[in-house]
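Next, two complexes with chain A in common: one pairs it with chain B, the other with chain C.
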Partner chain A sequence: MSTTNRLNVVPTVTVLAVVKNRLIGAQRGYKLLKKKADALSLRYRQILKKIVQTKLSMGENMKSASFAWTEAKYVGGDGIKHTVLDSVDGKAEIRVRAYADNVAGVKIPKFNACGSGSLIGASGGGSGETGTTTATTESKSELTGLGRGGKQIQKCKKAYKEALQTLVELASLQTAFLTLDQAIKTTNRRVNALENVVTPRLENTVSYIKGELDELEREEFFRLKKVQAKKKKDAKEREEKEESLSKGEGVVKGEGGSGAGPVGNLIDFANEKDEDLLF
Partner chain B sequence: MSAATASNAAAVAASSSEGSLLAVIGDEDTVTGFLLAGIGNLDARRKSNFLIVKPDTSRREMEDAFKDFTTREDVAVVLIAQFVANEIRYLVNEYAEPIPAVLEIPSPDHPYDPSADSILNRVKHLLGAGNDGL
Partner chain C sequence: MFNTKDGFLEATVRGCVGGFLRTEDYSNLQQCETVEDIKLYLTSTDYGSLLQNEASPTHPSLIVRCCLKKIVQDFSFFDLVKAAEPLSTFLQYLKYGYMIDNIVLMVTGAMHEREVTELLDKCHPLGMFDSIASLGAVSNLRELHRIVLVDTPISAYFGECFRDENLDEVNIEILRNSLYKAYLKDFFRLSQMLGGLTAEVMKEILCFEADRRAVNITINSIGTELSRDDRQKLFSDFGHMHPEGQRDLALCRDFEQVVSVIVNSTYQNILQKSTSEEMNIDKVFYETEVMKCSSMFAQQFHYGIFYAYLKLREQEVRNLMWLSECIAQDQKYRIVDGVISIF
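Moving on to the complex of A and B:
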């Protein structure tokens, strides 16, 4: 067991329980993050398709807008350019409102064009919150081309507003694209980290602790066995001692009782090897 | 990054009590058209949210305007004509924040080249070679 890919813990039962819990948590988190990543990439693909479509329509819109401007310039003369440029004053008529859209816990900023100049396709048009300022700018641009080409200018204005609508939509998609890109990268990194780093490390730790605990158990078992063996040995020795003791007592008793002792002694003497006599 | 994005979004949401601005960098006709539509704004110091690029406009001015617009709190979308973006391509490519969003728009005098668009390039790359009909 390598010590590199596991947590540095004391192998005890408590720690094992803690690590096991963490492992379960990591696995659950991995599943959840995987789901999140899937949801994000689903949205991501939708946005990609939409971006391509909107880019195309943006080109069309811009084309018609510039053409409308050319028309207005042709009719109204080059002077209207300066009128428009000079009429810029104070607050913008068209603004974008940002709000957050939520996809699987990721906040995606979205833009919505708003303003007092009613945008084509804008939901409900302007709310007219900047009443007086807008009114003056509106009247200013309304008066542009009063002499010549007013109609063309209004047309041009409409065309540019349409283009702007598309552009805001595109900006919104693009922002969502970038944000989602980041979010997907982060999520994937986390998924991979959980899958390839955290989970194996916890698993290794669990098996390490289990191994250590088993080892301890074996040691304990062996120790007990040794103790038991020692005890048995001691008991046996004691028993033998006692036996021999009791035997000795029996012999003493027999000597005193039957008088067979001297006979035995004689036999014993007969068996004994006499010393050689040397003459 | 996601935290930064969130705070960014929050900042925009905070400043958008009356909505955020759109900024334009482009040739005279394009800018005038958008001003006609009503995106022009002058702040208290009479600083505008648009830059008209003329043939004698230096690259330095474009850079400054781009940097200014992309760092302003009240700007949510920066529209930049593609020929201007090509001039300061390194800045545009380097820019990776989601807010303000930088959009490359075609201008009447210069044909629009989708392959130069940094975002569209990435989109195309991700969609694969099957969607070449851009």
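Moving on to the complex of A and C:
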């Protein structure tokens, strides 16, 4: 309630209205931001859960993938590596596409693995499409290891494809996680600022202005009371004076006539002015 | 007669057989916790001299490389001794399989415009020949045949398979398998020409090899665009499954049918323990091969033991590769799936 924690304003009724409006705005903003923060942290926790799951399955997938490769090497011999390498034509079979997902107004980058066929890739996201595109590109390498180890190579390929899928998913989740983390931090800072700084300051200002206005009113009231009291006193004095005047008119006639004239005039003047003030 | 000409080399091979890892070695190796342990254990075997100078962070591929070196070492010794005529040809024939692989590797590499030196590194050392480096320069099959292969024994196989076709039009795997088919046929012819015990044992093992290839090609081509006729073209012209079994194999559409074809052939007994896993079929075939090869050592005065020695060494490389990969990848319970102890 110190003077520092309020706006530096002139305490008037207009300013009070303005500040009150601002206060209402701040409170509404606080509520909205709070909702946003809640939504974000809900998503945040979901993503966290998914990350843990994906990481666990990642380990599994990688393990089985590299073991599938071992199996292929066992059956096909070490030289099969070069055969596979040479059948690659430098075009990526799986591409990662990035797009933005919107959570409570926060843009979250997402990655999606899709096959090389750009037409199919453009038609929509999801893991289902990779299956269809690989089928078209597979025919080229499917005869690899025909003599020995072909099945194992296909198995290995599938296993690594799965691992890659998980990897992309994990990357997507991690990026989303970081972005969300940043967004949540900012939103929370705003929420806290609104809750702990802006709103109290506005409230303080409102109460300050109200206090000042009350103070003014009380001052005014007191002044009026004073004036009234003075008026009453004056009226009484005048009455007394008139009474005494009427009692001994002759004695103080000259004196009273010369002295009371301007005094009476003054009172009259004050009276008139009082009337003015009162109305 | 045999001993005067080939006795020394036969004795050498028999001596080398002592260098194979035994069943107890494998059971000891299975107890290893890290690849480093495997290396340590192997230093007390025949691989010791090759492994001891290797730097410390051991990778499974290092062990495999060393084992390959061992085979190459042995075979370069055979070359050094200069075997007498029929045996030297026989030994050369053993290398043709690797040569085919190398040629195919070089040709595919050349089509993708890779560096020749880089490709040479990838080639199998047993399949090297003098003009291999110039393979990187060829652009079509006829040129390949005319310039490079005409001096090599492989040229005959090429001529047999492809006369005028363009290199790009032939699928490289079909090329490889056609070459291999021609090679097996030629090897079969050679061993029959040698006659005697050699012909007998080699017939058995080459028939087995032909059948295995037929089965493998069938399994691997299920669900691919390879047509039935093309598939049958890749099968060898001999073997226990020729021709009825092969005809049946050509018709197979799924794995179960393949299994039933095998069961109907001479191989019914080997499949008994196999389940429906593809991996198991390979293992069963490898096991049978090892069995057949080691039984070759029971007889004397034939060339089959050289073939058997090579095949057993190959199996040992596979064993060690599997073992060290399993241990490196922390999948020790899978070790038994791949290791076939030789003796």
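Following the convention adopted for this analysis, the second predicted complex is superposed on the first by the 162 of 279 C-alpha atoms of A that agree within 3 Å, B and C clash if a C-alpha of one lies under 4 Å from a C-alpha of the other, contacts with A are read in each partner's own complex, and residues count from 1 in each chain.
Basically, a contact is a pair of C-beta atoms (placed from the backbone, for glycine too) under 8 Å apart; a residue touches a chain by one contact, two chains touch by 3 or more.
Source: prediction; values computed, not measured.
Trainee: Just to be sure I read the superposition right, which of the two partners does A:66 touch: chain B = first, chain C = second, or both, or neither?
Mentor: A:66 sits against chain B and chain C alike.
Trainee: So in the superposed three-chain picture, is A:79 touching just chain B, just chain C, both, or none of them (first/second/both/neither)?
Mentor: second
Trainee: Looking at the overlay, does A:175 come into contact with chain B only (first), chain C only (second), both, or neither?
Mentor: First partner only, chain B.
Trainee: Can A:51 be said to touch chain B (first), chain C (second), both, or neither?
Mentor: first
Trainee: Would you sort A:152 into first (chain B), second (chain C), both or neither based on which partner it touches?
Mentor: So A:152 only meets chain C here.
Trainee: Just to be sure I read the superposition right, which of the two partners does A:111 touch: chain B = first, chain C = second, or both, or neither?
Mentor: So A:111 only meets chain B here.
Trainee: Would you tell me the residues on chain A in contact with chain B in one complex that are also in contact with chain C in the other?
Mentor: Dual-contact residues (chain A): 63, 66, 70, 73, 87, 89, 144.
Trainee: Touching residues of chain C toward chain A in the complex: what are they?
Mentor: 64, 68, 101, 104-105, 108-109, 112, 114, 122, 124, 171-174, 176-177, 180, 213, 216-217, 219-221, 223-226, 234, 278-279, 282, 314, 317-318, 321-322, 325-326, 329-331, 334, 338
Trainee: Show me the residue ranges of chain B that touch chain A in the complex, using the header's touch definition.
Mentor: Within the complex, chain B contacts chain A at residues 1-2, 5-6, 8-9, 12-13, 16, 18-22, 28-30, 32-42, 48-50, 52, 76-77, 79, 96-99, 101, 103, 105-108, 112, 114, 117, 119-120, 123, 126-127, 131, 134.
Trainee: In the complex formed with chain B, which residues of chain A make contact?
Mentor: Chain A residues touching chain B: 48-49, 51-52, 55-56, 58-59, 62-63, 65-66, 68-70, 73, 81, 84-85, 87-100, 106-107, 109, 111, 114-115, 117, 129-130, 137-138, 141, 144, 153, 156-157, 159-161, 163-164, 167-168, 170-172, 174-175, 177-179, 182-183, 186.
Trainee: For the complex, give me every residue of chain A touching chain C.
Mentor: 63, 66-67, 70-71, 73-75, 77-79, 82-83, 86-87, 89, 139, 142-152, 155
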